[in-house]
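Note that the chains take the letters A, B, C and D in the order they are written out, and that residue 1 is the start of every chain.
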Amino acid sequence: MKVIAALFSIVLGVVLLVAANDLPIWGDPESPVSVHLSSYFIEHSVEQTSVPNFVTAVLADYRGYDTMFETAVIFCAGITVMTILRRSHRLRKKNVPPRPVREGQDIIICSAARLIVPMMQLFALYVLAHGHHSPGGGFQGGVIFGASFILLALAYDLKTVLSRLKEKTMMLVSGLGVLVYAGIGVLCLFLGGNFLDYSRLASILQVTEIEARSHGILGVEVGVALTVTCIMLSLYADLASGGEMDEGL
Amino acid sequence: MEVNSWVLWQFDVLILLMVLVCAVVALQLRDLVASAISFGAYSFFMCLLWTLMLAVDVAFTEAAVGAGVSTVLFLGTALHIRRRAKD
Amino acid sequence: MIQSQLPILIIVMPLLMALVIFLLGHKNEGLCFYLHVLGMAGLFAAALGILDQVVTSGTAIHYYLGGWPAPYGIELVIDHLNSMVIAMVAAVTLLVAFYSRQTVPAEVPMRTEHEKVPLRVRNYYVLYNLLVAGLLGLTATGDAFNLYVLLEIATLSTYGLLALGRGRAYYATFKYLIMGTIGASFYLLGVGYLFIMTGSLNMADLFTLLDTAFMQQSMSITIAFAMILVGVWVKMAFFPFHGWLPNAYTVASTTSSCLIAPLMTKVSVYVMIRLMFSVFSAQYVFEILGWQKIVVPMAAAAILFGSISALGQKNLKRMLTYIVVAEVGYMVGGAWLGNVNGYTGAVYHILADGMMTLCVFMAIGAVSYKTGDASLESMRGIFRKMPVTSVVFLVGAFAMIGIPPTCGFFSKWYLVTGAYEAGQWLFLGALLASSLINAIIFFRIIETGYFPDFNKAHGHGHHTDKTVVAEAPLSMLVPMVITASSLVLIGLFSKDIINNLIRHSVPPGLF
Amino acid sequence: MADFIQALLGHYNNWAFILLLMIGFYAMIAKNNLIKKVIGMSIFQTAIILFYVSMAVKKNSTIPILDHGHGAVEHAIDVAAYASPLPHVLMLTAIVVGVATLGVALAIIQKIHRTYDTIEEDEIMEIIAQ
């Protein structure tokens, strides 16, 4: 097996080396990648969507359909993990591997976490809201927000976190996030545009079409952030407690 | 080296080496917890590399996801199962 | 207005339905089922609407998401080829939705008797809807990267659906997960090479950009094509990459295998055909590369391997999974024959095989639902106990063998003609041999089912029926009967399907 | 010789990408421990992301964020001054897909461990064969 695997990966490497022969030179500003589509985005994204961060503009508007399914992928993963790992009360006590014993809560870690968590959450909101102008956006903001809960769960324990953010609420919000995204898309349909054509929101928001696109992007980013926050926490809670939702690491 | 004069290529090469080392170490360590931690280091160096390549959004995501959440998920699983790996 | 929005509706409807079921269904599992059937019925209506639209207008429908023009935004392209596949997917999902009424609560492991966990049932339907959204999306899309994302959502929900099976399901699913990720990553890598050479992701745009002498000589493009092919082949379990399929599908629950076995491989075959002819061109694939010399014999090997392995299986479900591997060989081989008849056979077979795989899987599922297992032994005397199910199985078996009024005959006819025209004698031989082997397999089962006393007299006399087996519930019978009759109908109307749909989708360059 | 070194170094991202791809692919197939397989899978995916990201680089360019800030653009945008945004967008999606797959894989591993009490492939095969 090992020999076959090594052989396969060497073949793969050689094939890729051969392919590397006629690739454009690295860093060439005239290469097709830089010229064909990307230049259009760089030139037009500000005038069409008023978002200076090209990546955000392309992610949430030009290719917003991809991003909707990216959110759905995360949602799908959360549900799959939950469904796979959860087990009933009857089987709970059986067949559970011995767990490392937790020796009380460390006061330094707990105090530090108390200090850091609000900062992290504030930063997450900043990243989410400022994604138009700086690196960041719904996904990054959501992960940081989720990570702040994970930090809390690491410092205290999972029960503390789940008593603040009920599991049912968590899953509900994760569904709502995708619904916000798809809902904005469907709203655009009802307003007479194509799916995810944010410029149609102008009539509701009372702004110009270009600004409507910018607001639409913010709206879907919020949806992404909701889903990602909840699913990240739920992934951690399920995996770290083996589906029992009692105790984290 | 006029080829790469617009970035500090020595720095670039160093990070690339670290990425490779971390990848190999993560796969070779027998202790799964240590393996998870060095996978976190791998992700972190990868994110530095992408920052150098001007992909700030991607690097940001990788720092949050790869070095942060993925590592914790690996740790969570590694502590639930037999920690020693055979290879 | 709704007419022009149909292309997106077929994708967003299951996605929204997944969320609605998720948000409303945690109290009442019956509600999940009704919502689900409602959504699938709407979906089927929309799919028929789009099929009608394509046939009457005679041209492809382009739908620009976000209102952005084609190479910059993502577009959906629905033409004669994929409107047929969409209709097939929608029909299969609707039929399985009815079928799932009894099987899902019975088979999704509930773990407890005293404490009901309807969450699993709800989650099952959510994943089901996400799978349908992914499959329809990747069928309708006209963007190479978007296809990757939707492929991932389809496979991710497949992992969830398969892992809800029993016992060995987890290890089999893990194997599938590793193989599936390799496949998807290879696809992504191939798209990366196309992207670095052309700078585009839109399929129509790629087609024009690749149509130059420089691109056709380029090693990178060749390797991109190879990567994409390998990726898609892993996903469809084409012969050397088929290892994950039999294990994963055998241990899956009845509904999951009824849903995934007909759809996943066929949609992957569609993806291969779409990429071969809409991104690359027939001229590039068959004349410049000329890989049909390798791929068609590989397909022949897949057919022979699948059929012969199926012959040796005791478990009926496992046997069917090997037949699925063989059927993939039919379609890949047909598409690579490089002539109109082969192409027609392959595309027609996507439709026919989707329905006939569904038919036999549903029949075997009904038997195992009633008798508790899916071995050859469980079929003993089944004709007397479950007459309708056995007739359905019989029709499915006839279609698999390729007996005339059923659709299996016509696809084989075109494939055989195509193989003859292309001079691919090995493939031709494999097709005929596989029909023969299928006949042996199915007549063996039919014999067991029809003449229960024949073997009893020879040593099995002590075998008594512990359980009185009656006919399957109506919620399973109705979709089974519809599927079986559709097999005959697709066969009888094969001329119309081919003339109105498939002939219009024949790519230029085939003769 | 100097040319060769220059070519070698000029494409060092390519080398690293191919090496990582090989490492990840090997680990996915050959490693016995399921967690190691999953780590290999993640390395394989990040290698592909590295490939996409490195194709977006342009000489003497900066990050793909317009530095005019708000409002209308007075003068034409210099395309060559910004790295290509499109590959970055694609890879954001790919990272998300990667972490989703990772979560599902780890959940399945935990379930396998509950069923077989091991996550070594050869031991699982032995148990199944019985």
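To be clear about the criterion, a contact is a pair of C-beta atoms (placed from the backbone, for glycine too) under 8 Å apart; a residue touches a chain by one contact, two chains touch by 3 or more.
All of these numbers come straight from a predicted model, not from anything done at the bench.
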item: Selected interface, A-B versus A-C, where C-beta contact pairs are more numerous; value: A-C
item: Intercentroid distance (Cα basis), chain C paired with chain A, Å; value: 31
item: Inter-centroid spacing, chain B versus chain A (mean Cα positions, whole Å); value: 19
item: Whole-Å separation of chain centres (CA-atom averages), chain A against chain D; value: 16
item: Whole-Å separation of chain centres (CA-atom averages), chain B against chain C; value: 38
item: Multi-chain contact sites of chain A, meaning residues that touch two or more partners; value: 16, 20, 23, 27, 31, 33-34, 37-38, 41, 53, 55, 59, 63, 66, 70, 73, 76-77, 80, 84, 97, 135, 139, 235, 239, 242
item: Residues within chain C bordering two or more other chains; value: 145, 149, 152, 156, 159-160, 163, 170, 195-196, 201
item: For chain D, residues contacting two or more additional chains; value: 10, 13, 19, 21, 23, 25, 54-57, 59, 61, 63-65, 86-88, 92-93, 96-97, 99-101, 103-104, 106, 108-111, 113
item: Pairwise chain contacts, counting only pairs that touch as defined; value: A-B, A-C, A-D, B-D, C-D
item: Chain A partner contacts - residues on chain C that touch it in the complex; value: 1, 5, 8, 12, 15-16, 19, 22-23, 26, 63-68, 71-74, 110-112, 114-115, 117, 119-120, 123-124, 126-127, 130, 133-134, 137, 145-146, 149-150, 152-153, 156-157, 159-160, 163-164, 170, 193, 195-201, 209, 218-220, 223-224, 226
item: Contacting residues of chain B [partner chain D, same complex]; value: 1, 3-4, 6, 9, 12-13, 16, 19-20, 23-24, 26-27, 32, 35, 39, 42-43, 46, 49-50, 53-58, 61-62, 65-66, 69-70, 73-74, 76-78, 80-82, 85-87
item: Residue numbers on chain D that touch chain B, as the complex places them; value: 6, 9-10, 12-13, 16, 19-20, 23-24, 27, 31-33, 35-36, 39-40, 42-43, 46, 49-50, 53-54, 56-57, 59-65, 83, 87-88, 91-92, 95-96, 98-99, 102-103, 106, 109-110, 113, 118-120
item: In the complex with chain D, residue positions of chain A that touch it; value: 1-2, 4-6, 8-10, 12-13, 16-17, 20, 23, 25-29, 31, 33-34, 37-39, 41-43, 45-47, 50, 52-55, 57-59, 63, 66-67, 70, 73-74, 76-78, 80-81, 84-85, 95, 97, 133-135, 139, 235, 238-239, 242-243
item: Of all residues in chain A, those that touch chain B in their complex; value: 27, 53, 55-56, 59, 97, 99-100, 127, 135-137, 139-140, 143-144, 146-147, 150, 154, 232, 235-236, 239-242, 248-249
